[in-house]
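Each chain carries a letter (A, B, C and D) given by its place in the written order, and its residues are counted from 1.
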């Protein structure tokens, strides 16, 4: 129960005090990246790629600049530019129910790629990693038609068993070679295995650092915000993987995390509830959303969303000793490429490993890949796992679907009921230690 | 040659008498409450009186609108899109894009120079983009429908509505009132939101040089202003555009009648 | 009728099944076996369709047979059939199924077929099936299978990954491996080994059915006056519900009767109906399309049993199947188009001599929605009239649909 | 210190207030429509209930605000969501309650509670305004009835029509189209009620249908809805003339706990 009225009814941006240097460095990396994309003397060809199961290292080893329209879309949403793009896409004929990322991107492309944070260049090549979302196929198909550039389809089998079959890996590796031939033909350059291996070394270093960061959520209290903070720190692992900057970045982050533990600066003054968060964030209003957590002393200690680029914390690593096999294995490991039984298992493990007291599922109206079945997940968590779980819904890109009053009401009620039950537990005996 | 057009709309029933496909003799409307067919009959009677003609003088009756099949004595029924487009063209012959905002739906259609509908689109998903929404606002905000438009003109910082749902949008408006947003800003916000929705339909069918607004909302100066602002182009409006669908169906009725006559003359001649 | 069913090897527990069951099974299907006139066939079809409890699968099961529910579109039912199992199309709950539980599990912004299929699972209506087969045609069908594995843990369900890379030579061995995973489950289910010879025979049988369905479609295209859209649809729809051995002769009889009909074509606009490849529109909506003055001369209705024109037999039937999917599938929204959408739709317009396109897409069906935009652009460029409408498998009012369809027709007819 | 407490529930449609005496007896209550000035509506709700109770404001020890407008109850000392309040209120009136179904003006909630009246799990309609009191209001209006009339009328239906529109606004046109097809308004109403119950059931299943169900919120005053819900569940549900006030009552009870907790 909340005493007195809410100090920040609109939840307008309060800068979390615990974010320090790493956040500044992350900003710098983002700015530099977009500046590079937008620079008029850019000589490198551009490949568009999807985050899940992407082949950034291979493509980069041929000198390509890589653009991730999903990331551009979420940046647009954070900067309140997505609605214009979405409306534009709707006037092109994209229906209300089409994924917001797709609409943002296609709307933006049709408006010449201008954003407040930089000019998004047109693609010379489209690499579609069909890993975890069918919409990827449709999206890249649309881009291929409007730009008339080649589309390479990297078909990644959906994970229904914990371990891939030999045929899966063979299929993936054979496709990787097809891609290499295509890249050789397009750039006139020969494939350079050493360059690739060199990048995989950096990728691996970044992945190790990223996993260290994520695992800090196991501490109690957690020195990190595994959902809202990770949103920032995902950028290097997803966009700059394979570069030295990305790998170094996590060194800085983890240094800061250690300092936080030392100085006892935590995401919140008091960690009252440890939350697992599942689902894509409402980027258009993520500050407001965050405030709804903070008001109740709720810290997310683990989240599934930061794993869309790869389940590194479950063991996948790029490996210069087995370049192709490891890339193949990696591409299978996008979070949404796991079947529901596997997803449930991952979540159950997280709850245990991170000692979560509750789960919040944020469903995205226009993303079926992530969302379809989250109701069942809620039911499973609540009933089979005995974990109090709240389901709320809005959109990642479309601010029209974020109803603050409704969401707040639900979150208030949820945390209120947790508090209430805990209070009773305390009266009846010792509460959680 | 007198033809009648009757538009049995969801909110209002409109009727028009047309002479020789060129001159409007009379036009009238009545709310579509209770028995729409009864209302239409009554309306036709009134029109006859106003135009000073007898019941037998109407040679062809063409219906349109939501209830177009309900009128038993119709000679022909035409869908709303086709009739509104034709009506808009009758009023503004160079119209190439028609925006029709009625009670339950907004529609747009692009037309050829002869009034043939080329492309069209209506708001299917949500009802927040049409006149019924304005009616509800009028009720909630306790501003009579006729005054909503003029009041909105005084807006300085219109407050747009973000909710796509008509019902939830109401709550949003109420919140705005509670937060002290001035009434004109709220009202203009409503019209701008409606216009934006209409604009996205318009862009779907393709923006054309000459645009005409028809349907109930032409009576609303706030809507007209908002639409012009949103589109950034001139938009034709005329008081008669309220009756566009009825006019259009009378016009189509007329050409149909002419065709029938011609063919019967032709057969008689041979 | 009884001898038709004898083609199926008796499943293991049939051994001790009482004779009465067999008689009853025969009795249930005899109606179809005996139904000679179109009217009778259609009446039965409507009855089967109006009943959300899968009467044909129930009848089959009652007699000791086993059935597998197959979600659209590209499901290799031949494999299911080769195990002596009855593959039955899961085409949604139709108009008669109330959705109350599936919303909660699945989510709200989803197509109706996914919800009604889950609702059926949650309310026991899928009881007649021993297993369920889902193809990865979209994220919804894929996730649906994942929920099945929780809500129906005692019945195996399988999700088949359909490759989207149509050029890689390794796609064929990969898809064969996919089939093998399915086969492993079916072997466990039926307790009998996979037989390539039997699969070869099943493929032949399905090809026969495909050829007949193609004949029906050709009739619909070339002499639309002879066959009503609803008639056409029902005949096809039965193909996914009845044992193939029953459907084939039935379709033959129906074709013969239709071909004999002396009906002239009306002055209607020949159109392609694009979009309803998965969720199915109501019969009333189909009727409406015809009523307003359109002939549907090309369509994507009820794809389940003709996801490819024909499977070319080869030494390895699994490879034949894989090749058919990868190289010659019917091109719909849940597959990467090899050329451009413009070229694809133009080819179809030409083949059917259609004058316009009606996009009828299931509400919330994202693959279809995204395709429409590309098609639209191509059609506008070619000045082909089109209309886009959304539908749900359940609806009671058609005012909006009628309005739009009429306008579409008027826009072509009037000048 | 007095133990007189008040709960003020500012909903999307109505403002309700309940004043509880020392023995947790309802001394006064009020119900008003909410307009554009929520702060004033809250004041008015309290004043009206106090007037009925014949108690001056100074004697009220504690005021709790709840409902969508709870943050506008500036004169209160505590805010609690209406979910906790309906739970508490329902469990107070019907101690065996394990599932509360609250259908208000703008949302529908299913709340699973424990024997202490605490919320264990809840679900709310997440899809627009469909299936709520507003839905019935709009449809009643379209048929030309007052909202109070439609429940009883629906009970006289013979062949309920099927209402499929999932949207409140389009349900209105569905209703109009049934009218123009000459359907009996009673049958249409029965169809509308059935369709809401169906949606409500889906929410209830989300949290788990428990044996003892209490129906609260304004729509529980609608006999047609009560009937339809009981029919679908196949057993009776608790309703009370107070059920529209349960949010306010629950809020008052929460306040009472505070007062007593502080005293004890």
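Basically, a contact is a pair of C-beta atoms (placed from the backbone, for glycine too) under 8 Å apart; a residue touches a chain by one contact, two chains touch by 3 or more.
Only a predicted model underlies this, so the values are computations on that prediction, with no experimental measurement involved.
For the pairs A-D and B-D, the larger set of C-beta contacts lies at A-D.
Of all chains, D has its CA centroid at the greatest distance from the CA centroid of chain C. Work out the mean CA point of chain B and of chain D, and you get 39 Å between them. The distance from the centre of chain A to the centre of chain B, each centre being the mean of the chain's C-alpha atoms, comes to 47 Å. Centre to centre, using the average C-alpha position, chain A and chain C are separated by 37 Å.
The multi-chain contact residues of chain A, meaning those touching 2 or more other chains, are 92-93, 375, 379, 393, 405.
For chain C, the set of residues that touch two or more other chains comprises 103-104, 108-109, 390, 399.
Residue positions 123, 126, 173, 206 of chain D each touch two or more of the other chains. Taken as a graph of touching chains, this assembly is complete, with every chain in contact with every other. Chain C meets chain B in the complex at residues 389-390, 399-400, 403-404, 406-407, 410-411, 414-415. The touching residues of chain A, when paired with chain C in their complex, are 92-95, 97-99, 102, 130, 133-135, 137-139, 141-142, 145, 153-155, 157-158, 160, 165, 167-168, 170-171, 174-175, 178, 339-341, 343-344, 363, 365-366, 368-369, 371-376, 379-380, 393. Chain contact summary for the complex, chain A toward chain B: residues 87, 90-93, 96, 399-401, 403, 405.
Per the touch definition, chain A reaches chain D in the complex via residues 1-6, 9, 375, 378-379, 382-383, 388, 391-393, 405-406, 409-410, 412-414, 416-417, 420-421, 424.
Per the touch definition, chain C reaches chain A in the complex via residues 103-110, 114, 136-140, 142-147, 149-151, 159, 161, 163-171, 173-174, 177-178, 181, 333-334, 336-337, 340-341, 363-364, 366-367, 369-374, 376-377, 388, 390.
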